[in-house]
Structures are given as C-alpha cells and as structure tokens.
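So, here come the structures, one by one.
Presented sequentially are two complexes of chain A, the first with chain B as partner and the second with chain C.
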Partner chain A sequence: MSNRPDRILIVDDEELIVLTMRKYFEGLGYRVDAAHELEEAQALLANRRYDLVICDLRLTGIGGVEGLQIVADIHQRCANTRVVLLSAFGTPEIERESYNRGADAFLHKPKSMMEIASVAMNLLDQG
Partner chain B sequence: MDALSRAILESASDPTWIMTRDLVVTAFNAPFAAICERVTNVAPEAPVALDALVHEPEANAWWRDVCARVFTGRHVTADRRPFLDGSKRYFTISGMPVLCDDEVVQAVFAARDVTERSRADPEELFDLAVTRILTEAKPLEAVLGDVLEFVCESDGWDCAVIWLIEPDGQHLAPSVIWTRPDIDAGSFRERVNELRFARGRGIPGKAWSREGPFWVPDLMDETGFLRREVAALSGLHAAAAVPLYDSERVVGVLEMATRAVRPISDRRQQALGRAGKTLGRLIARRQLQQIVEKKSYEWTQTFDAIALPIFITRMDGTIMRVNRAARDLVGGEFKDVLGRNIAVSGDEPWKTLADTVTSVSDSRTPCTAQIAEHDRYWDVNGAWYHSTFDGEDRVIIAMRDTTDLVRLAESVRRGEKLAALGELVGGVAHEVRNPIFGIGITIDTLQQMLPDRPDINELAEVLRNWLGRLNRLMENLLAYGKSWTLSLEEGSLDSVLRVVVDECRQIAAQSSVHIDAEIESDLVMLLDAHRLGHAFENLIINAIQHSSMQQRVQVAARRDGGFVTFAVRDHGPGFNPADLHRIFEPFFTKRRGGTGLGLSIAQRVVDEHGGIITAGNSPDGGAVITVRFPVFSL
Partner chain C sequence: MTGESALNRILQPGGITPVYQPVVRSKNGTVETFGLECLSRGPKGSNFEQADVLFEYVRLKREESLVDRACISEALRGARMLPGALRLGINVHASTLGRDHGFINFLRKTVEAAQIDVRRLTVEIVEHAPPWDGVSFLAAIEQLRKLGAQIAVDDVGLGQSNFKMLLDVSPDYLKLDRYFVDGCAIDPRRRSVIGAIRQLAADSHAHLIAEGVEKPEDAQCLQSLGVTLMQGFLYSKPLTLDAVREYLAA
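What follows is the complex of A and B.
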C-alpha cells in the first residue's frame, strides 16, 4: 500500500449496503466514495481516479446488468482501476461476460466482508 | 325285320321308328302311328318316306338335319315342339345309329313327350333356380352349383360352367363347374379350370361378344373349338352359351354341353337369353352382397379392434351389440353379453352406464359422464341413433379409459404446481439474497468496530449460524426453482466430493459430528461439478442433521466395475420405513427447519447424471443413501 490511502468507489443501489461497506472499508483505513446509480458512478469516475471499484451488478429493477457497463467504462478509461463485481443474480454467462469486459473479480452474494475485503486487498496489492 | 326287333319296337311306349339312310321309315310302333295320324290325318303304312310324313318345309329341313347327324354315327337328342290337336307339345327326339360293318345302315328314333316335364321352359327353370339363390344362405358358388345341377337335370345337359368376367374386364374365368357323375369330372374340371376366354374366343367368348346366346349343335363339326380334346374325352357334342346380364352389362356366361348332338331351337335360345339376364342380375346382386358382407366383416373387425369399450343398446338398456373391449369389460362370451341389460350390477361402471342410457333415452340428446371406480377412471359418451335396419332407436355408449390421462394430469398438475412454486420460491430466494448479504456484512462491520468485545463476538457467531441456515435454505429453494441445464464435462468425482466434505466438516464441527471420508482417487466421469457438489452437500448435511453429538458420518466413494458409487451413512435414527417411498418427494420433511428439498434436489441431480439414488437403513442402525453413476466418457 502506498502512503496515500487507496480510494475505493462503492456502487450499489441498496443504501444500507453502501453504508455498511463504506464503514467497513473506512475502518480498514481506505478513502471511500459511494454511488447508487449508473450515472452517478459514471460522473464520479469521470472526475476522480479510483484504485478500486466495488460494484453491484444490478443497479435498477429486475434483470439489470448496469455493473457490466461500469466495468466496460473503467476498462476503457482508467486502466489502473480494479473492479470487483458483486451479484445476487449472477449466472455463469454473466460472470464470463464481466471478465471479458475487464472485471478483476466477480463475487456471488452473499459473501462476508472479510471475503470481499480479502479480494479487494489482493487486487490493490497487485497495483 | 326280325321278331326280336319287332317285339322291342312294339314294347316301347314312346313313339319309336326305324329309318334308313334314304330317309324312309321302314318300321314303327303303334304310338308312332297314332301321332302320325294326328299330325297328317292319315294312318301311316311302312315303308313311308320322311317327305310323305313331313310336308312343312321348316319341319322337313329340321328332320333332315337331325337324320343327317345321326347317319354320321352320332347319338342325337333334339327338341321338337309341334302343335298337336291345337296345343303345343314338347318332344325330345333321340336318334341312335345302327351300325353294320362300321356303316350306319339305319337308325332308331324315339320321340318322348316331355310336355309335362318341360312345362317349365328354360326361363321358368332359371326362375325356379334363382328363387333358390335368393332363399339359400349358402355362398354364391355353392348356390350356383345347385342352380347348374337343377338346370342341367331339368333341361337335359350333361355339364355346365358359369364363367364370370374377371376383375380386369378382359377374360372369362370359370367360376362354377357342374358335371353329371358319369362324366370324367376330374379331368374335365382340371382342363376347364385352366381356361380363360377373351371376348369373342371360344363358345363362352362368343356369347359374350354377341351379347346373346351362342350354340354349337355338335362340337365335332366346329373348327377352332378350343376344347375339342376335352369334349372328345367326355364325349360331349352339343354346347350352348348365354351371356349373364346385370342390366346392360355382361357379367359372365352360362355354358352348357351335352353328350347328345342337340340342335337348339330359336325359342330355347330366346328363353336362355332371358334366363341369362335373370341369372346375371342375381349373380351381380349376390356378388354385391358378398362385398357388403365382406365390408360388414371388416367393419366388425374394426369395431372389435377399437380399444374403447362400445355398447349398443336398446332404449331400455338391453345390450344389442358390443365390441370385444366391451365384452371383456363385462366378462364372458359375446353370447353371454348380448341380450343382457347394461345394468349388469349396481356397482360402477354399470351404474353410470345404465344412468347414461336412461339419460340418452329420456332426453334424446348426447350425454357424457365420468366414472371413478377405485383407481380407474372412465369418460362415458352416450348418443342415440335411429336404426334404419329395424326401425328401432338405439343408444350407443362409448367408454374411454382415462386412468392414465387422469394420472398424467395429476402428475402434470403436481409438476406445474411445483414448477410454479419453484419459480416463486426461486424468485423470493433471489430477493432474499441481498438482505442476507446486508445482515452478514453488518455483523462483520459491527465486529470490526468492536474488536475487543468477546461477548459481542459470540453473539455475532450465533447470528452468523442463523444466517448460514437461512442461506442454505435459500440456496436449496433457488436450486429447486431453477430450470436446469446441465453442463457435463469430464471431471473427477473425488475432487468434487473432497471440496464438499471439507466444507461440510465445518458444519459438522458445529454439531460436534465427525465426518469419515474414504474417497478413491481418479473417479473420472462426465459431471456437472457445481450441481453434483450441491447434491453431495445436501446428502452429507442431511446425514449431519440427523446425527447426535459425537456421532460419525461416513462418506465413501469408489469405482465399482463400470460404475462410480457414492454412499453416505449416519448413525442417527434412520428413515422411518413407512416414509421411505416419499423421502425424495419435494417438500417432504420430518425435520424442524428442513425445507424438504435437499434429497429431492440430490435425486434430480443424480437423475440428470444418469445415476440411481437409493435410500435405506443400515442393518446396525442409521440411514444410508447410496448413489450409483454409470461411467460415461466423452
């Protein structure tokens, strides 16, 4: 880890999950931003460089896969930003697709915070 | 003339005379004299020339023709119908040559008055015969045989053949042959049976092409007669053939032959022609009847072949007709069933059948009913129709065994119910994932924020246990609700199982249950690792959940010939034998907090891998679940 704490963006439409994850990662010493929808996330990503984005696959109603869009955007614009996708609905096809678009990890909910943080830290360590 | 000849001549009761080659009557008996006197009004005196006795030219020519035939050495029979005393008499004239040194020097003639016998002329004879065709229930060929015999015996023929036009319309083929017993019937039949006549060929073919009678007074005089050999063999001389008509269509030819040489009069020809029409019409009708009978037979066969029981009853329920399926339903022979009332007993299905007949009879509208009798189900359809055959109304009852259909419908309903339920629980489970996740990470975050509170940590673990249980329930519901597509790949069952056993050890440890695993290596087969793992996990967790503290759960997997077997055994109470047949049913559970889906899902996964899963109890206690997979490879 560099001197400056890494900056993490958490994207999830569930306010309570964003709240919890933000507290957990802040507790680990990271700087955390949060977004609840695609456009908000895209706006943040346009203005600031993040070391890691933890993003829920679905940000709207049933069947949404907005997370894939975010993965693609990041892959094109900020090559150094790592992306972890989280999903409660992920199928093997979507998982494959997200890796194709440049996701660094795809985690099926539920996962413990320790598991998520472990994946996140590994990715950040890799730089 | 010697005394013997004279005595014989005088003893004959029929008019009899002796004639020389120059057509002079040299001797005769008293009946001859009497007839001559009646015809010529003069008592004849021998010798007397034929010309002196017969003046009328047609009659004179006829007699000369007959005599000429006799003097060629043949026995001739001919018909003659003179008017005597104002009424027509029927005579059969026979002429027999008297040979001396191989030469016919004279001939003996006799005239038999057959007026009474022949009062029925050929047409009438045919009419009589035809009446028999109508009244006898014999097959057509047998009846025609009788007709031929009757005609031949009555009209003085020695053999007769009915030729019918073959279906191709090109040839006449013999249908029925009749011969007098003294004819060499065997060889005659054999030869005739081989024959076919085209139109215009042979005597039958000529009658066909002329569409009228055709006759040959003496076959031996004819050239091109195809059956000369046959005729000679049987001593046949005269032959006649008449076409058999159905309306304007020739359907066949009646051919008759006799050993006598027999000129045939115009009148007889005409009579035979008319008779041919009657006979032809009746043959055609009878053939049609045979077709109808054949159709009726075919229909009966069809009726019997229908697997649905069908009853045809009177309006009062009297069974008039049943097919085989209906007979089998009643039991017994057809004769036992017909005439009974359809209310065979007060039990089903008879009660409903009888009710249906009553409803149809009363309402004159089609009725339907359903019967559920023990484990069998029937749909009953009743309708009525008016029988044009006997003018009575009938009820027709058709039953359809819907047992399989009902069971299938139940199974589909169950399947649909489960699928709908599965979809619902799957949908719900999905939505439950996020809250479970939320609770989980909240506990994690709380623990992170309160690292020095062992009391909080303990409670956090309790919460995590509840969450774990909730999560497994949710995953099972999801797995059950999912419409699965299996992705089989070559993999090793042992590595799938080892991962699962390791995960299960943690769960087992929470209940202080130990897992003993004996897993052979390289159990390679086609498998879907994710699904199979899920199935194994369900089976092992099920065993853990039925174990008490410190008990052991034994897991084993090994190769067994062409199979890979997996077994999990616990030392709990075992399955209740009464429940064994239901334990794989979805939602069947006896355990508090169980979803009843674990074993059901395992069974489905095993099924999809082509395996067989069985459940039972070990002789020394505890439940055993065994799975056996055939080993396929790509």
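What follows is the complex of A and C.
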C-alpha cells in the first residue's frame, strides 16, 4: 500500500467553491487539483491518476450536464477512481443516470463541507 | 483559472513559455549538439504548465491552430537570441496544417520577423486526430518544403503516427517515441521495433531521432542499432531560454 496521500480532483465552474473545497481537503492532507471546465478536467484525467473526483453536474450554466460526461470518462479510463457528483438541479432521472454511468455518490446541494468530506472520505477508505 | 478565461490566459502574452531541448548526435564516444526542439509550457501555476495537459486541453477545445501559432511565435522569438545556427524543431498539429489555410504565411512572416533562416527549421508533425483535410494537409507539407523547412513525424510508433502518414509525408526525420526507447537495453521486443523503424527510416532516406533517452545503457543500445541522434534527460532536460544560452556557451 502506498504512503502517498490520496489525490483528489475538484471540478466546478464556481471559483469560490473550488477554493473552499481545495482548502478544506488540503487541510486534511490530500493532494488536490482543480478544474473549472469539462475539457480542463478531461485533460487532467488523461494525464494524471486520481483517487477521487468531486464534480459539479453543471459546468456551463443553464441545462448543462457535463458532470455526466466526466463520470463516463472516468468509468472508461480508471475503474478505481471514485466519483462524487454534486448538483443543485438533480432530478431523479439524472441521479439514476449518474449511477448508471458509474458515479459512486450523488449529492444534492446545498451540502456542508463536512457532509461532502464525510462521503468523500468514506469512498476513499473503501479503496 | 476559470471557464472561458482558461484558453484566453493560455493565449495572452506570457501565457506560453518556450523551452528548448537539445537533440544530440552521439557517436563513437563523442556527443555533439545537433539541434534544439522548441517545446512549450502553459501559464505558470496552472494545470497547463504541464505540456501534456496543455495540449490535451487544446485538442479537446479544438484550438490546436491558435495555440500552435502562439507556441511557434514565442519559440522563434526566443530562438532569435540564441547563438549559432543549430536546427530548430517546432511542433505543429497535423490538424493545423490541414485546416489552417493561413498557417504557411504565418510561419513565413514569423520566421522573417525572428530573422531565422527557414532552412534551419524542422516542422515536427504531431498527429493525434485523424479527421483533417488530407488534400490541404499534403499541400501544406509541399509548401513547407518549398519554403525550405524540413519535416519530421513525431511520436512514431504510437497512436495516430501511422505508416500512412510516413508514406504520405516522406519525412526527413522520424522521431521514435520514448515508449520504445525506455528499457530497450533489456527488452528484445523494443529492440526489434527500433530495428524495424530504423530500417524504414534508412529505406526512406530519413534520419531517426530517439526521444526520451534517459539511461546510458539505452543510449548504448540505440547506438548499437545504428541510432545516433538522441534527445532526452540523459543529455539535457528542456531548458529555458537563459539556460539554453548557457548550455550552448559551455
């Protein structure tokens, strides 16, 4: 087993959310990268290995579901990477679709950092 | 770096930093600098500082042409300040050559502005996506040759750098991907692939350049297979403009 800290990718178009999550998880000892758009996240996923991705469902404003694309990409590239999707607009259909594509958790906003971190750490502990 | 601004920040002045990696000729115990490959790094402190992430992002955004142009401008502006007349490798996506009909004019003007003899240029074709206009692409290659530049095919042996490309382009250089180089001294299958590509290069009157040479034993193995042009950390990592000036002065 590696002693290196787990590596987390945070994907959200809201800079404040990215900064808050980055600070929180770095404070817990994780290595954290962040992306603000679909292609930036995909470029990182193509070149680095992550233990966990926390991703907003919507990255481009009204109607976007880019998070689903990221979940599908991760499922294709690295089955060991855990994915948490966050959404303020998640319908039961989208939630079901997220799990179908390989998401490990779907969280409805608003959620506190402690709630998000609790889900994230549980997934990481499962390995 | 937020959404829309990521590409803008890459393209704004100072967004691209050129670095230069020496290509050496290593033969009979002597090592001499043969040329420099111009490489690019994205904005400092961003995800795009790492070239692989930068260019994967650019390809996903389908903005290869804009970023190729920016990288070449920066690289040649810096190269102008380097002593000597070494060969200069610049990277261009096949899609840029196939789709950007103003690229050759851009290159001619950029080379003139940098006061660099175009005959020193090797245009290294990076091919990651097949769907480009083949007719326009080959016309661009022809124009590059007329300008006086030489042509290299990058990452030979991997992905889209296929035999069709080699036959269509008749490159002056084949750049052997690091995947085949790393560990060739202890892997007969890698040596077999290198030998086959070496023969292909010889039959095509092209030179073979081994990329990603990091171990002395791999360099020795490559020499024994007839490969003398090499590039990699064993000889030098990519260097900033100031560092490459020192390297060349040493």
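What we mean here is this: the second predicted complex is superposed on the first by the 125 of 127 C-alpha atoms of A that agree within 3 Å, B and C clash if a C-alpha of one lies under 4 Å from a C-alpha of the other, contacts with A are read in each partner's own complex, and residues count from 1 in each chain.
One rule holds for everything that comes next: a contact is a pair of C-beta atoms (placed from the backbone, for glycine too) under 8 Å apart; a residue touches a chain by one contact, two chains touch by 3 or more.
Predicted model, so just to flag it, every value in this text is computed and none were measured.
Model built by superposing both complexes on chain A: chain B and chain C fit together without a clash.
Once the two complexes are laid over each other on the shared chain, residue contacts for A:M113 go to chain B alone; chain C is not touched. By the document's definition of touching, of the two partners only chain B reaches A:F89; chain C does not. Rounded in steps of 10, the angle chain B-chain A-chain C defined by Cα centres in the superposition reads 120°. Within the superposed three-chain model, A:E39 lies in touch with chain C and out of touch with chain B [touch as defined at top].
In the superposed model, A:L59 makes contact with chain C only, not with chain B.
Taking the two complexes aligned on chain A, the least Cα distance separating chain B from chain C is 16 Å.
Residues 14, 16-17, 20-21, 23-24, 27-28, 88-89, 109-114, 116 of chain A are the ones touching chain B in the complex. Partner chain C is touched in their complex by these residues of chain A: 13, 15, 33-40, 42-44, 46-48, 59-60. Residue ranges of chain C in contact with chain A, taken from their complex: 1-3, 6, 47, 50, 52-54, 56-57, 60-61. Interface of chain B with chain A (complex): residues 430, 433-434, 436-438, 440-442, 444-445, 448-449, 467, 471.
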